[in-house]
Amino acid sequence: MGNQILTIAGLNKSFNGVKVLQEINLDVNNREIISIIGPSGSGKSTLLRCICKLECIDSGVILLNGRSIYQKDFAKKPGTKIGMVFQQFNLFPHYTVLENIARPLMTVRRIDKESAIETARTLIRKVKLENKEASFPRQLSGGQMQRVAIARALAMNPDIMLFDEPTSALDPELSGEVFQTIIDLARDGMTMIIVTHEMSFAEEISNRIVFMDHGMVIEEGNPETIFHSPEKERTLSFLKRIRLIS
Amino acid sequence: MGNQILTIAGLNKSFNGVKVLQEINLDVNNREIISIIGPSGSGKSTLLRCICKLECIDSGVILLNGRSIYQKDFAKKPGTKIGMVFQQFNLFPHYTVLENIARPLMTVRRIDKESAIETARTLIRKVKLENKEASFPRQLSGGQMQRVAIARALAMNPDIMLFDEPTSALDPELSGEVFQTIIDLARDGMTMIIVTHEMSFAEEISNRIVFMDHGMVIEEGNPETIFHSPEKERTLSFLKRIRLIS
Amino acid sequence: MNFEIIADNLWFLLSAALLTIKITILSFIVALFISFIVGTMRCEKIPNSVEKMLSIYVEIFRGTPLLIQLFFIYYGLPSVGINMPGFLAAILGLALNSAAYMSEIIRASINAVPMGQKEASFVLGYNRFQSLLHIVYPQAIRVAIPPLMNSFSSLLKESSLVSVLAITELTRIGNLIYTRTYRAFEIYLTLGIIYFVMTYTVSVISKKIEKRINKAYVS
Amino acid sequence: MNFEIIADNLWFLLSAALLTIKITILSFIVALFISFIVGTMRCEKIPNSVEKMLSIYVEIFRGTPLLIQLFFIYYGLPSVGINMPGFLAAILGLALNSAAYMSEIIRASINAVPMGQKEASFVLGYNRFQSLLHIVYPQAIRVAIPPLMNSFSSLLKESSLVSVLAITELTRIGNLIYTRTYRAFEIYLTLGIIYFVMTYTVSVISKKIEKRINKAYVS
Amino acid sequence: ACSQKSETGMDKTGQDNSLKRVEEAQKLTVGLCAAYPPFESRNEKTGKIEGFDVDLANALAREIGVDVEIKDAEWQALLGGLTKGDYDVLITCMSKKEAAKENVNMSDVYYNLNDVVVVREDEKSINSPEDLKGKVIGVQLGSGSEQIADKMQGFKEIKRYNYNPEAFIDLKNKRIGAVIVGYAYAVNQMKTEKGFKILDKPLESSEIVMVLRKGEDTLTQRLNEAFANIKKNGVYDQLIGNWLKV
C-alpha cells in the first residue's frame, strides 16, 4: 500500500443529471501501467478528465500520493503532478516544437529560458524528433505531433501520465511510433493510465486491465485473465465485438 | 441509320488547355441503352454534360434526331429534348416532391397547373412515391430523392435520358430501388446513356458498353464482349481493379 | 433632470420617429431593389466593363462616409444640374449607401446556392431569368434574410444622419427641441431610448424569422 | 467646376485629414482595449450580474445611432456633472461605439480557439490568466485581425460624425470651406476622394496581412 | 453649370416671372433655419415654427395676397437651396454680409442687428471685446458672427458650431470663453438660460434683409412695397413689440 500513487474511491460524476461515472474505485501503484478499455460512451475519457481536474466531480475522493487533488495548494507540492496526453494532441499551433515543450516550463514553473530549452532538448531527443525542434505543429505528421505532446507532458516531470486514446487520430502506420514512445516510457518506470482501443498494445504493455461499461468498472485484472478468460459476460462480448472489427 | 437518335462526331473539349475529351464519336440508336464506364477523371461526366449543353465544346458535332443541339431554336422543336439525372440529385429544396415535377412543366412548358399536376402525379406513381408527394426533398431518403429526380426529368418528356452515376451518392441498400426504376424505364423503351461504376448493373441493363479512359473511347461493344473478353489491355486492367474493390 | 420637456414633446418625438421609420423603410426598399440588381449582375456573366463599373460603385460607397455621400448628393449635385428635394436626396443617399453593402450580401447568398441547382434548372429548360426567379432567388433569400435584417437595423440608425439635410426626422426634432430648451441630457437620452426600442424590435423580429427559417430547413 | 478652391485649401484639407487619422487611431486603440476586456470577460465565467451589464453595454451601443451617442456624451453628460472637452468626447464616443462591435469580434475569435487548447494549458498548470495571455490570445488574434481591420475602416468613416462636436477634422473643414465658397460639388468630391484613399489604403494593408497570416497557417 | 437656373427665375425668353409664379401658386415659399430664437425657432409646446421672421413673412404675404409655406432647413443649406429653387425667399435673419457670398437679390433692410459678445455671468477676465485675445470663442458656422470673429485677431481658437445653442452649452460648461452672436438672440437666450451676460460694447451692426434669387426683381420689388406698407400701418412695430422688445 505504501507505493500507492493514485487512489480513487467512490467517484461519481454526472452530466445534466445523467450518471456518467458511478462509484468508481481504482488504485494505481507506483510504476504500474493500467489500460482502461470499454465501449464508446462508457466514461473512460471522463474518468481521465476527472483525474486531471478538467471535470469536477459530484462525490468521491481522488488522492495523488495521499493528497486530495482538490486541496488548495495541490499542484505546488512535489509529487503531485499529472501529465495528460489527448487524442487530438492539442499542441499549441503558434509555438514551434521546442517552444511547445519549453514555454510551459518558463510560464508555469518560472524556469529560466536556458534551462527550459535544455530540458526541452533532452525530451525531444527522447521522443526522437531532434531534427524537428524548429518545426511548427502543422508541419508534422500526426505521429510526430503526438510524440511532441508526450514530451511536453513529460517536461513538467509528472508523477503519473494519462493517455486518452493517444493513437485514435492516427493512421495505423503512425500509431507504431507512438506506441514505441509509450513503451520506452514504461521501461523508464513511469506510472501510466492508458485509455485505448488497441487491444494487443494494451495486452503487451499493461500490468493491469480495467474494463468499463456504463460508467462502472465491470472487471479488472491482469491482461492474461481479462483478455483470455474474463469472468464477466459483458467483458467477453465486448472483446468479441472488438476483435471482429479489427 | 434511320433510328439513330443521338450522333456525336469528332467531339473535343478541354479545360484550361487540358484536353478532357478527344475525338469522341458515339452513335446512339433509338431505344438503345448504353453504359459508359471508365476510371475517375476519364471524362465520362464531361461527355454527358456536353450532350446536355452544361459545357460548351471546342469542336465536333452533337446531333439529336438529326438536329445540332447548338441550333438556335433547338429545344423548341419536338424530338429534341434531353433529360439528365445527376449524382447529387439536385432536387429543388424549396419545392415539394409534387412541385419539383410540376413546376418545371408550368414554368418551362407553360402548361396549366391542373395538367401539370396530373402529369406529375402519373410520374410519381411510376417511381412509386405516391405517399410522398407533399414531402420536401430534405424529408426523403437518398434513393427516394433520386427517384423524384428521375420523375422530374421524365416529366419533360425527353427523347433520351442521361444518368451520371445515379447511385454513387447512395448507400448500397438504397441503390436497388433506383436501379429498379431505371430498369422499368428501359422496359418502357426509353433511350438512355448511363455512367456508372456498378458493373453488374451495367452488364444487366445495357445493349452496349462504352469504356473511356483519358478522354477517349477506348473500346465499345456488347456487355458480353466487354466484360468477359475485352480486346484492349486497358479495359481489362480497369475491370480487374474495379472487381478487386467491390 | 427635467423630463417634463419630454412629456410635452412626446407626441412630436413619436411622429418624428414615424418619419424615421418611413425614411428607413423607403430607403430599404430602394436599397433592396438596387442590391438585388447589382448583386445578381455580379454573379452572372456580364461584360467586363459593366462588372468593373458595378464594383467601382460598391467600393466607392463602402469606402467613403455616408455623411459625405449625403452632403455630395444634396449640396454638390445641383451644381451639375441634378437637383432634388432633401427628402429624395436622403432616401437616395441612404439607399445607395446601404445597397453597396447589401449587394455583397445578395451576391454571397446567390453564390451559396449550389451550382447543381442552376444546372438542374438549365437542363430542364429554364432560361437564365426563370432559373433566377424560380430556383435561385427563393433559396438565396433564406440565406440573405438574417444579414439583410441587420442591414435594416443599420439603416435605421444611419437615418439619423439625414438630419443634416434638414429633414425633421427624429434626430433633428431632438436638435430643435434642444435649441429652445437646452435640456441635452434628457433629450438625447430619450432619443437613444426611442432608437433602441426600434432597433431592438427589429432584432427580435429578425430572430423570430431566422428561427422559423431554420426550423423549416431542419424538420 | 472650379477646383482652384481645392488647390487653395489643399493644405488645410490634408492637415484636417491628419487629424481625422489621429482621431481614428486614438479611438481605435481605446476601442481595442475596451473590446479586449469586454470580449474576454464575456467568454469567461463571470458573475451573472457583470455579464448582464456587459451585454447591456454592447446592446445599447449597437442599438442606437453613433450620432446620438456623441450628442449625449458631449452635450448631455455635463448636466450630470461629467464635462469633457470635445476631443475627448469624440474619442470616447467613437471608441465606446466601436468597442461594442469589436468586443463581439474578440468574443467570436476567442471562442474559435479550440477548447482543447485551453484544456491542454490547464493540465500543464497554466492559470486562467496565463492561458489567456500565452495560449488563447495569440491564436484568437489571427482570427480577429481581418474583421478588426474592417472595424478600423468603419471607424475612419464614422469619425466624420465628430464634426458635429465642432472638431475641425476633415468633414468639418469641408463644411467650413463650403460655407465660404458654396462650391459643394468640388469640396465634397474631394473629401470623398481623401476618405476613399484612406480606407482603400487600410483595405490593401488588411489584405496583405490576411495573406501573410493564411500563408503562415498553411505552409 | 448655370443652365438649370432658368427653370426657376426666368421664363424662356429670359423674362423675370417670379412674382407671377408666386401669385399663380397663391403661395410664398419661405426658407429659414429654425434654430435662432426669437427670429425663428420651433415652439417646444406646439411644435410650430414661430418667431419674428415667421410673422413678418405672414404679414408680407397678406399684403401680396398669397399664403405662406415655411420650409425649415439647415443654415448651411439655405443659400444653396435658394439657388436650387427650393424657396422663393429666405427670411431668416440673414445679414447682407452672410448673403453676399452668393449672387442674390436682396430686399430693403428690415432690421438692424448688433453682434455682441456673451460671456458667463461670473466671468471676470472678459470685460470688453479686446479681452477676447487668447481666449477660445464660439460662433455658428457660416454666420455673420463667424465672419466678424474671423476678422478679429488674436483668439486662441474659434470653435464653429452647427448651431448657436451648442456654442452656449459649451460656454456654460466652460469649454469656451465667449460666444459671438446677434443681440436679439443673446437676449432671448438669457431668458431661457440664466448665467450669462452681454458685454456692453457691441461689435458690429448687421443689416438684415430678405434674400431672393438673382434676377427675381419683380418679386423683390413687391416684397419691398409690402414691407413699406406694413411699416406704415403699424404692423411692423407690433411685430417688433411682440418679438424683439428687450
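So that you can tell them apart, the chains are marked A, B, C, D and E in the order they are listed, and the count of residues begins at 1 in each.
Here is the rule we use: contacts are C-beta pairs under 8 Å (C-beta built on N, C-alpha and C of every residue); 3 or more make two chains touch, one makes a residue touch a chain.
Heads up on the chains, UniProt names are A, B = Glutamine transport ATP-binding protein GlnQ; C, D = Permease.
Just so it is clear, the model here is predicted, and its values are computed rather than measured.
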item: Given chain A and chain C, the chains that contact each of them; value: D
With chain C removed from consideration, the chain sets that still hold together: A, D, E | B
item: Farthest chain relative to chain C (centres taken as mean CA coordinates); value: A
item: Taking each chain's C-alpha mean as its centre, the one farthest from chain E; value: A
item: Rounded Å distance, chain B centre to chain D centre (Cα mean); value: 56
item: Rounded Å distance between chain C and chain E, as computed from the means of their C-alpha atoms; value: 36
item: Computed distance of Cα centres, chain E from chain D, in Å; value: 39
item: Overlap residues in chain C, where contacts from two or more other chains coincide; value: 75, 78-80, 178, 184
item: Of all residues in chain A, the ones touching two or more other chains; value: none
item: Overlap residues in chain E, where contacts from two or more other chains coincide; value: 1, 80, 169
item: Interchain contacts, given as pairs of chains that touch; value: A-D, B-C, C-D, C-E, D-E
item: Residues of chain D that touch chain A when the two form their complex; value: 114, 116-117, 119-126, 130, 134-135, 138-139, 217-219
item: List of chain D residues in touch with chain C within their complex; value: 59-60, 62-69, 71-72, 75-80, 153, 157-158, 160-161, 163, 171, 174-175, 178, 183-189, 191-192, 195-196, 199-200, 203
item: List of chain A residues in touch with chain D within their complex; value: 52-54, 75, 81-84, 86, 88, 90-94, 103-104, 107-109, 138-139, 152-153, 156
item: For the chain D and chain E complex, residues of the former touching the latter; value: 1, 75, 78, 83, 85-86, 164, 166, 168, 172, 175-176, 178-182, 184
item: Chain E residues touching chain D - in the complex, by the definition given at the top; value: 1, 76, 79-80, 101-102, 138, 141-142, 146, 159-162, 166, 169-170, 172-175
